[in-house]
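What follows is a group of structures, each given as structure tokens.
Here come two complexes built around subunit A, the first alongside subunit B, the second alongside subunit C.
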Partner chain A sequence: MILRKKNLVIGISVVAPSIIAIAIFVYGFISWTLRVSFSNWNSFSALLRGEYKFVGLRNYIRLFQDTRFQTDLWNTLFFTLFFLFGTIALGIIMAILVDKGLKGSRLFQNLYLFPMAISFVVTGTVWSWIFAPGTLPNNPQGINLLFHKLGLDNLMWGWYTSTDSLGHFNLALIPVIIAAVWQLSGYTMAMYLAGLRGIPNDIIEAAKVDGASEWKIFWKVKMPLLTPITLSALIILGHISLKIFDLVFAMTGSGPNFVTDVPAIYMFELTFRSNRYALGSAIAIIMLLFVAVVIVPYLFTSMRGEKR
Partner chain B sequence: MKRIIIVLAVIFAAFSIFAAENALEIFSWWTGGGEEEGLLALFDLFHKYYPDVEIINAAVAGGAGTNAKAVLKTRMLGGNPPDSFQVHAGMELTDTYVIPGLMEPITFIYKELGILDKFPKDLLDIVSYKGEIYSVPVNVHRANVVFYNKKIAEEIGMTKEPTTWAEFLMYLDKAQQKGYTGLALGDKNKWTSLHLFESIMLAELGPEKYNKLWKGEASFNDPAIKRALSIMKDILKYVNSDHSALTWQDATRLVFEGKAFANMMGDWAEGYLKTLGWKPGVDFGWFALPGTQNAFMLVSDTFGLPKNAPHRENAIRWLKFLTTVEAQDTFNPIKGSIPARVDADKSKYDIYLQWSMNDFATKAICPSIIHGSAAPEAFSTALMDAINIFVTEQDVDKTFKEILWIAEDNGYLAD
Partner chain C sequence: MKKILAYIFLILIALYILIPLYVLLATTFKPLQEIGISDMWKLPKQWSLSGFIKAFQKLGPNLKNSFYLTIPATIVSAFIGSINGYVFSKVKFKYANLVFAIILFGMFIPYQSVLFPLIRFLQSIKLYGTIPGLILVHVVYGIPITTLIFRNYYSEVPNELVEASYMDGAGFFKTYTKVLFPISIPAFVVVIIWQFTNIWNEFLFAVTVTSSPEKQPVTVALVNLAGSQVVEWNVQMAGALLTALPTLIVYILLGKYFIRGLLAGSVKG
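Take a look at the complex of A and B:
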């Protein structure tokens, strides 16, 4: 009994610093941001005077009427959809290829994983050079120059400077999505690879004995077993893409007519360039809610799983 | 344990040296190229006069000053101001720090030294609020300049610099027909399109009316602003198609590489062209944007005196020092800008800067919007967004309406 009590004291004192730090630096700041987002602090002098005036949802209403913010929301939606689809599809394909254990697969495994080690700013800068269109049609640059040299002039295009769109999907996002997929598909590959290697061989053998084809084994045996991995990948990549900033900021900025703008860039500019702290905080809270929509259900299911 | 105490004591001692009585903390975003060199030269010169004062260089790099401004705001808000800090002349200082009452007026410095007539009156107006001067302008850049490639100018038969839109557009057209880009633009970072637009606006309104906008004496609801938008639309026909992939340096480089005829930029572009190895007047020429020949669109860095500066005495010494011809002539030739004093030594500057100095002393001085002098940051960022949309959609009526809204939001006349 005494021992247990002592353990409890040690246990609490060990975790206490991090609990306190998290309470202040995560939850404290979240609630402060929430408070600012309901305030009239939309200029530096208002902030300086420190007079807090509660304005309810006014900042949020203003944002949703703002055309730039509307564009941002559509961009986030399409970026997230294509980014998730791209990374997961490419991740699975690469994982299967590497898992076949062909000669040199070890090398490729590392090669695919490398981009993840690079910071988004570097990726953004390099891909912005690759997709810089140059002045068409006479002075193509980057990938356009490659197409030109190959005689594929039809493929030359404005890339991230293009203002074309399909419905609400701004095509200028395509190069950004390519860069993001390039960077993180190696990571999903690593996750799936771990999953594939964790599948016991006897299950697959059993399926083979039952006469299942390779294709059928993949879809009916392997994929269901990989579901938790797909779920984790969706959560991790989903929250990255919902709050993406550095890649877009370094690669394209907000783009002409905000074709590649995302909420995080708008938040940064409102807060640190326009001094509209309350509006900036409102965007921060909206982004937090987006991520929460993705993560909270996952936390609940995984917690229930643990209890069981 | 003992060792730790000793280490802590040493660290503490090191900090207390920094907090020394006789120090001077100067805050800026001059961290690279000629700017940093110029600042360090100023420090050396200051040190010669006041050898006992220890200068602390609190420069913050990155984001063309954006990062520094954010750090400064936090420090001012927390009641921990530097002794003196770099800030753009005009509203960037007035709206953010003077109106809330964080700055000390420094008119007494000007009076004591008897130098009120050594700076252009328009400039002192820009750095004043309610009759008191709040900062010392150190350098001046001109924003309404077009730089052009002389070889291409010869090829398209330009013998005289254009002074009207019709002539300007004609040359842009000729350049385009020869396969060059007419006017190079690089608006990846968005501000350059407003940089172009504000000067077109100045041309159409004229300097007098333009300056009245910011004093609340003229309304934004003016056909001249609408005209400015349609002229911008005409000019955009001659802009490189990949403008949104380029920065201002890339755009200036297009002129250098002989791919574009001209580039409209502040005269930091002149410094850039010189670094690339071009000679002013030989390889490249320049002219004020048509319609703005009688105006000088001003971008100026200034230093002010925050209230509760920890070393107020030294800060005043620093500000007095900055007003001298010697200090201004030390800093500006290195940075590639012109001094704010009209009686500086012209022989220290190249022929472009001499031209600019002449205009500075004689032409009407107008505050730039995008470079923080004319209007609060909230106004300029909102206008920047509106112009960014305009560059793509080119809808004159819609953008004009938006400009009126932005003006109204920020307390300017709009009806």
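Take a look at the complex of A and C:
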């Protein structure tokens, strides 16, 4: 008993530095950012003077009235929807195909997953060149050039430089979504593969004995068992999408009329380009709230599930 | 018939995945006179290393910075994760799970929400704009994921093994070095690969914590290179290839462990 107590004391003192570091670097700094977001620190001189003036929600109100920030929110919404749909659909298809155990499927699996090892910055740089429209109609580049050579000239358009939109959906986001799906669908595949391989064989066999078709087995037997995976995938991918920065920054930047702007880029420019720290902090807090809504319930359910 | 259909889909998806790789390689190895827009989809007629060499001259110092940053940060955070994982899996204290969940939340936050205070803090301890500053940042924000991976790994180790070691009179640290550490290699491999890849590929901290070009990691230098209109395409693509190469090599050699890290980050705390 004395021994156990001694180990308890040592154990807690071993993790204490980490707990303190997280307390400061995560929770302390978030509170600091929150405090800045309620301040008038919207110029370098205000920061230098260091006088803190509490302005309440003024920065937040200004943001929600700001057309650029409104565009950012719409962009985040549509980007997230299509990105989630694309990544999960493609991820499931990849997983099913690879799971068939055909010759060479290991090779395909490794290939599908390799984008995950690469920086968003590299992905952005390369896809940015592929989708660069060139000067239309006579000097097409990238994908447009390919269409031109195939005689599909009417498919040529401005891609991420286009200011076309469908309602609030800026079509310039499409190439960015394609690049993001490219990067993360393999990851989703890996999650589903782990799930598929965890399904006990006798369940599948029993369904086969009952005469269920392969199609039916997939939708009626496997998919319901994979629901937790889909949920995890939605949450992990969703939170990545809500804070997306590097990919867009490297690929398109904000684009004309902010067609490909996202909150993270606006935050970066406000804070590090125009010294409007309070506004930038307000965006950061809004991003944090979005992510927290998705992540906190997930964390608590998985921690609780573990206890049982 | 079904098989053929499956292969067709497998190959179509593979093409989608390979397009950027093709463009990257084809452009990197083209000589200057072939990088006109109209030749973009063609393979080089004459393979040339000139773009690669030029990119290496420009990015070489930044690649070095990235190694100086990534290697120490990875090693330190692996050890911190290991000892933390030991405590959170084998020493049951009150509210351990709650504390762990609170730590874990730190790996999901948008780092924008800590960025401004973080930079002020680094300025005040004179580490702003330095590689050691970035190392500190990555070590601290790596605590949640590294602790998680080791905690899950050590949970699989029977408690009796640890208890028996205590009974034999081994203390807290001796039990770690004699019982847990020797069997930790797979977890270390997973964590090291995961941290190496993530820190190498990271951009937000890199671009905000370092200011002078000679201190910047390679991801930042690549964005600057690609952003300048005067740099030729083959050099830009060669730069992208150089930036991707270290993590790509790790993936090719140790992909199995890379996948484990990926899944650890998503499936259950």
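Definition applied: the second predicted complex is superposed on the first by the 304 of 308 C-alpha atoms of A that agree within 3 Å, B and C clash if a C-alpha of one lies under 4 Å from a C-alpha of the other, contacts with A are read in each partner's own complex, and residues count from 1 in each chain.
Everything that follows uses one rule, which is that a contact is a pair of C-beta atoms (placed from the backbone, for glycine too) under 8 Å apart; a residue touches a chain by one contact, two chains touch by 3 or more.
Keep in mind that what you see is a predicted model, and the values were worked out from it rather than measured.
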Does the superposition put A:Phe44 against subunit B (first), subunit C (second), both, or neither? first
Is A:Ala250 in contact with subunit B, with subunit C, with both, or with neither (first, second, both, neither)? second
Between subunit B and subunit C, whom does A:Ile20 touch in the aligned arrangement: first, second, both, or neither? neither
Partner chain(s) touched by A:Ala206 [first = subunit B, second = subunit C, both, neither]: neither
Just checking: does A:Val126 make contact with subunit B only, subunit C only, both, or neither of them? Give me first, second, both or neither. second
In the superposed arrangement, which partner chain does A:Leu231 touch: subunit B (first), subunit C (second), both, or neither? neither
After lining up the shared chain so the two structures overlap, which partner does A:Met94 touch, if you call subunit B first and subunit C second: first, second, both or neither? second
Looking at subunit A, does subunit B or subunit C touch a larger number of its residues? C
Is A:Ile12 in contact with subunit B, with subunit C, with both, or with neither (first, second, both, neither)? second
Does subunit B (first) or subunit C (second) touch A:Ala284, or do both, or does neither? second
Of the residues on subunit A, which ones does subunit B touch that subunit C also touches? 128, 134, 139, 141, 272
Name, in rising order, each residue of subunit C that touches subunit A in their complex. 3, 6-7, 9-10, 13-14, 16-20, 23-24, 27, 37-38, 40-41, 80, 83-84, 86-88, 90-91, 93, 97-106, 108-118, 121, 140-141, 143-144, 147, 166, 171-173, 197, 200-204, 208, 219, 222-223, 226, 233, 236-237, 239-240, 243-244, 247-248, 250-251, 255, 258-259, 262-263, 265-269
Contacts from subunit A onto subunit C in the complex sit at residues 3-4, 6-8, 10-12, 14-15, 18-19, 21-22, 25-26, 28-30, 32-33, 36, 90, 93-94, 97-98, 100, 102, 104-105, 108, 110-123, 125-130, 134, 139, 141-142, 145-146, 149, 182, 186-187, 190-191, 194, 229, 232-233, 236, 239, 242-243, 245-246, 249-250, 264, 267-268, 271-272, 277, 280-281, 283-285, 287-288, 291-292, 295-296, 299-300, 302-303, 305-307
Sort out for me which residues of subunit B touch subunit A in the complex. 66, 69-70, 73, 76-77, 95-96, 99-100, 102, 179, 181, 187-190, 240-246, 259, 376-378, 381-382, 385, 388-389, 391-393
Please name which positions on subunit A make contact with subunit B in the complex. 42-45, 47-49, 67-68, 128, 131-136, 138-139, 141, 158-161, 163, 252-258, 269-270, 272-276
